[in-house]
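Each of the two complexes below includes chain A, the first together with chain B, the second together with chain C.
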Partner chain A sequence: MSTTELSLAGSQPGGLGRYNRQAADLHYVTSRVMVYLLAFTAVSVIGFPLFWMVICSFKTSTELYQFPPAFLPHDWTLTNYRDLFIQTNFPIYFVNSLVVAGGATLLSLVVGGLGAYSLSRFKFAGMRTVSMLTLLCYMLPEVLLVIPLYLFVVDLGMADTLISLIIANTAFTLPLTMWFMRSYFNAIPASLEESAMIDGCSRFQAMRKVTLPLALPGLVSVGVFSFNHAWNEFLFALVFTSSETKKVLSLGLATWIGQDNIYSWGMLLAGAVLVTIPVVLFYLLVQRRLVVGLSEGGVKGE
Partner chain B sequence: MAEPNTDLPGDRLLAYLALSPSIAILILLVAVPMVTVFAMSMQHISLGELSGPFVGLRNFERVLADPAFLNALGNTFVWVFGSVAIEMALGLGIALLLNIDFRMRGIARAVILTPYLIPTVVAVLTWHYMFNDIIGVLNYLLMAVGLISQPLLWLNSTSMAMFSVILVGVWKFFPFVVIALMGILQAIPQEQYEAADIDGASALQKFWRITLPHIMPVFLLTALLRTIWTFHKFDIIYLMTGGGPIDATTTLPVLVYQQGFVDFALGRAAATAIITFAILGVLLAVYLHLMKRAEARQ
Partner chain C sequence: MALVEVKQITKKFGAYSAISNVSLTAQDGKFLILLGPSGCGKTTLLRMIAGLELPTYGDIVIGGKVATRLHPKDRNIAMVFQNYALYPHLTIYENVAFPLRVRGFSGDIDKKVKWATSLVGIEHLLERKPRQMSGGERQRTALARSLVRDPSVFLLDEPLSNLDAKLRHSAREELRQFQERIGVTSIYVTHDQVEAMGLGDRICVMQGGVVRQLGTPEEIYLNPADTFVASFIGSPPMNLISDEGRTIGFRPEMFLPESAFDPSEALYRTEFTVQRIEYLGGDRILYGMVGASLPSSKAIARLPATIGTLPEVGTTAKFAMRLSDIRYFDGEGKAVEQSRRHEARLVVNG
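Moving on, here comes the complex of A and B:
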């Protein structure tokens, strides 16, 4: 700031300099006001649906169906949450989702982690092609795979099982894990392992004791992305499963939409809030790596 | 990038051993299904059957001659270009805003990024409630501020439905653009702006001359990626409207689902899926080419 003032004072007669400074201050204040105004508008517009979802899940059914709607509940209630657990299969859906998302994530981390390590550390024919193919797999449309996979699932007698969903989800979470972890391993210097091996470790020991601990944050992040993908997945669940005891959350909640005569909006919104909580918690866990992770996963910056 | 090292005996074996489970799964879950879907597309598969007699390209002919396909193709383009254009513009604006230092920026950023993190079904449920013709808060708010004089049929009119679905899609996915652009905006050297300040450049000049050239490669790559993902998005449209009213929001992925799992004509669905994939293939080829170049440069 002081250098600008000096240059202003030096180049112009005193009176005019002060005038310019006042104009600059005014300009500064208006631009700050604009920034806050824009930020406030953006946050309120984008955040409103989230606010509305949470707030309305605490409303009584009378208030939920009242028009014009009241912005804050008159009587806050937990009835919707209680009903969700007593009157619906929500707890079953929740457990099923945990099994499917957890299973697919675990499978991808173990298998894909090893595969990525191999792609990153060893040089062999076709390595680059395999890497690009994993990326291609990740970008394939689900609707293309769902038709043949449905055929296999029915042929193998695996229709309406959670196993079929775990395996089908792996078709996307595995390439995601491989692609992400390959760049992560690439960033860990191979010389660390080499020194460990000079000190008498076997290749496997070096990998387990040196590289694995360093790669752990990466595994956690990509684990969260995979989990989220499988937690969200809808098409495979829609096509492969049908019975109430095998439904996952996305399918279970989706079948309630448009049946608001049976399931009240209150229950639906309470369900929506509960489905969101694990995802948001997980992201808080890897928040700092989120930006890096997403860009590694898809947009690799220059 | 770490130097790949394969100078130890037995390393090659270890390399293949570590990679083979991944390859095996990808072959079983991706490669074999891809071959299968091509085979299915050339069979006449009757209702409820899983395979049928070979009919060559007849499914493709039938699909291409079907007005439902042309309608879905048109809807797909509206959906993709509408969504991506708005997402990119909004994403750039918000990224520039969040790149400015202001109090409580962390909170603003968290709120703005949250739609991207929440499950699609949650977004759909919430918007369904807000879009409701009778009790929806959206109509109430818009009427209260005088933007509309009577309630809009957000999802139940053929002229509004696509707009409404795009609105929800943009809300859910534009934060991806914000995340991608925020990263690159922070990487622009501050000295360039300082130098421009000394030369008396206006904010607009700084944007055109410094910011835009720097972010352009990432901006285009993000747009391409969003185009690919939006193109084969199924769940958000299916859950918002089921492709309706009538077929106003039936995009190609929704059409594939309807042919395969509502009409149970798996052969025809396979053919439609392959045509969809072929259109997408052009975009994928561009993307893979760009990624390969970025890889090589690393």
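Moving on, here comes the complex of A and C:
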């Protein structure tokens, strides 16, 4: 009885009830402070190196070696970027990386997506074995695969080609794509496709018009993963390609770091910034889809 | 509109027969109900008619054409799934327009969608996504989507089972009126006998993958083909009393105190010991034991409110039923023709 009187005391008759989030609410304030502190720590730990990389790429080389370092560059300069494009093969590396990462992503989405779809929707002999084997493949480390794969690549006359890198990268990301997408497809009720078929779709149309849009968030996450992996991949690139025109960014930039000296810190940093940009752009592009898809719970039948 | 014939269909999942040699006909423009307990194969049968499963043996004939191996899209059927299977990524408008769009409908899609949605009363919700709809609204959307393209057969798999009791009742009425208006052959699956009795032109009672009885609601209620149908239909179900290798059945609502009958009627008289009384709206359900001429066994009586004086719990009262209301089943549980001889014998015993 007393509690109801208490809560009613603070409210005007006919108006709103007691306001539950008064600033004096100590618990509320402390929890806010904690959240911001945590967020600040996380952002600075992850963000500062990125920030420093960007800032330094605009510094002149004298300023780069200056001690103590200045926080912001005294003279902002684009020389590092200009040199990158004029003095080095950076543009070639960049295009090669885009081709390899884009190709591997596309291939692993198409092959992995279709494979996962059939594993999820059809029953066939040896299905369990196939799915277990793909998972087993994922367990094998890259170092173990690279030499046998290289022998194949040479035998097929694909040594020093971008195709070999696309295939190798796809082979590496495919098992994960399949497993992830299979559980994604499993969560989409088969009755949706059946309904689409009764409504007049062929099996393929039903998949394209109903299942695929619903699986889009899953495909996006898998795509981001594949792209990222291929973009950063180093070992296959090192073993499979050798000529300057076939180098990808990870390999190309690494060769600038010589045995005992760095060719140019400024250019390396400018290169690093440009390497990061596509990944960030890609994330920004798909991030909305990813978040919307996950929060919409689009796969729920009802 | 079309006649749907199921001809000697058997469906096996591995060694298990979900449907065993079922034959039945859904008449043109009529409402056929598939009624049976959960797991008896109703959905499987419906899915074979829809073309989502291939029968192991037998044929499906739709509109005089053998459709056994036809793709679902080529059968011109519509189906309402138990979970409605609305496309979550499309708006209600696009959900309803979907069958028209994929079939390359050449006419005015907008007009068709408006027509179908106003028929089920959801024309104000067209911009919503399915997840923003209540259960009843989803069910209507599924209906609208299935009838937007004038199907020749309408299949419904327990479409009301996800609704609450009150809504289910009104939705049932609407569905019935609606079917009468559009006059399309409909096959409706349910495990709810009240729903089946209320909706169907004809009911097909199934159990364990076989058809137990096919008939009008009245036939099924009055003359159950076997003891399974007798005990599945009616609430409470028919009283079944085994007696010398055969079974006697009588409906609880036909089993009343002797005083409720006109003395000139041909009655079978017995005694009923009341053990428990349940008040169910107007009616009273009496649980107890019959005795006297019949082997002592459990029975239920359902007394309408018009019968004023109830026997007290624990007492034995004189009860009776009309001879014409008694049904007989043989040792295997199959109904046997009512014969004068049986009645005569009972009368002598009584």
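Following the convention adopted for this analysis, the second predicted complex is superposed on the first by the 229 of 302 C-alpha atoms of A that agree within 3 Å, B and C clash if a C-alpha of one lies under 4 Å from a C-alpha of the other, contacts with A are read in each partner's own complex, and residues count from 1 in each chain.
Basically, a residue touches a chain if its C-beta (ideal position, glycine included) is under 8 Å from a C-beta of that chain, and two chains touch if they have at least 3 such contacts.
Fair warning: this is a prediction, and the values are worked out from it, not measured in the lab.
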{"item": "Partner chain in contact with A:Pro189 - chain B first, chain C second, else both or neither", "value": "both"}
{"item": "Touched partner set for A:Cys201, first chain B, second chain C, both or neither", "value": "second"}
{"item": "First, second, both or neither for A:Val143, with chain B first and chain C second", "value": "first"}
{"item": "Touching partner for A:Lys209 - first (chain B), second (chain C), both, neither", "value": "second"}
{"item": "First, second, both or neither for A:Leu119, with chain B first and chain C second", "value": "first"}
{"item": "Chain A residues touched by each partner, larger count belonging to chain B or chain C", "value": "B"}
{"item": "Doubly contacted residues of chain A, that is, touched by chain B and again by chain C", "value": "189, 194, 197, 298-302"}
{"item": "Residues of chain B that touch chain A when the two form their complex", "value": "1-6, 8, 10-12, 14-16, 18-19, 21-23, 25-26, 29-30, 32-34, 36-37, 40, 50-51, 94, 97, 100, 102, 105, 107-108, 111-115, 117-130, 134-135, 137, 140, 144, 171, 176, 179-180, 182-184, 187, 217-218, 221-222, 225, 228, 231-232, 234-235, 238-239, 252-253, 256-257, 260-261, 266, 269-270, 273-274, 276-277, 280, 284, 287-288, 291-292, 294-295"}
{"item": "Complex contact set, residues of chain C against chain A", "value": "50-52, 71-73, 75, 77-79, 81, 83-89, 98-99, 102-103, 130-131, 135, 138, 145, 149, 162"}
{"item": "Chain A residues within the chain C interface of the complex", "value": "189, 191-192, 194-202, 205, 209-210, 213-214, 296-302"}
{"item": "Sites on chain A touched by chain B in the complex", "value": "32, 35-36, 38-39, 42-43, 46-47, 49-50, 52-53, 56, 64-69, 111-112, 114-124, 127-128, 130-137, 139-152, 154-155, 167-168, 170-171, 174-175, 178, 185-190, 194, 197, 203-204, 228, 231-232, 234-235, 238-239, 249-250, 253-254, 257-258, 265, 268-269, 271-272, 275-276, 279-280, 283, 290-292, 294-295, 298-302"}
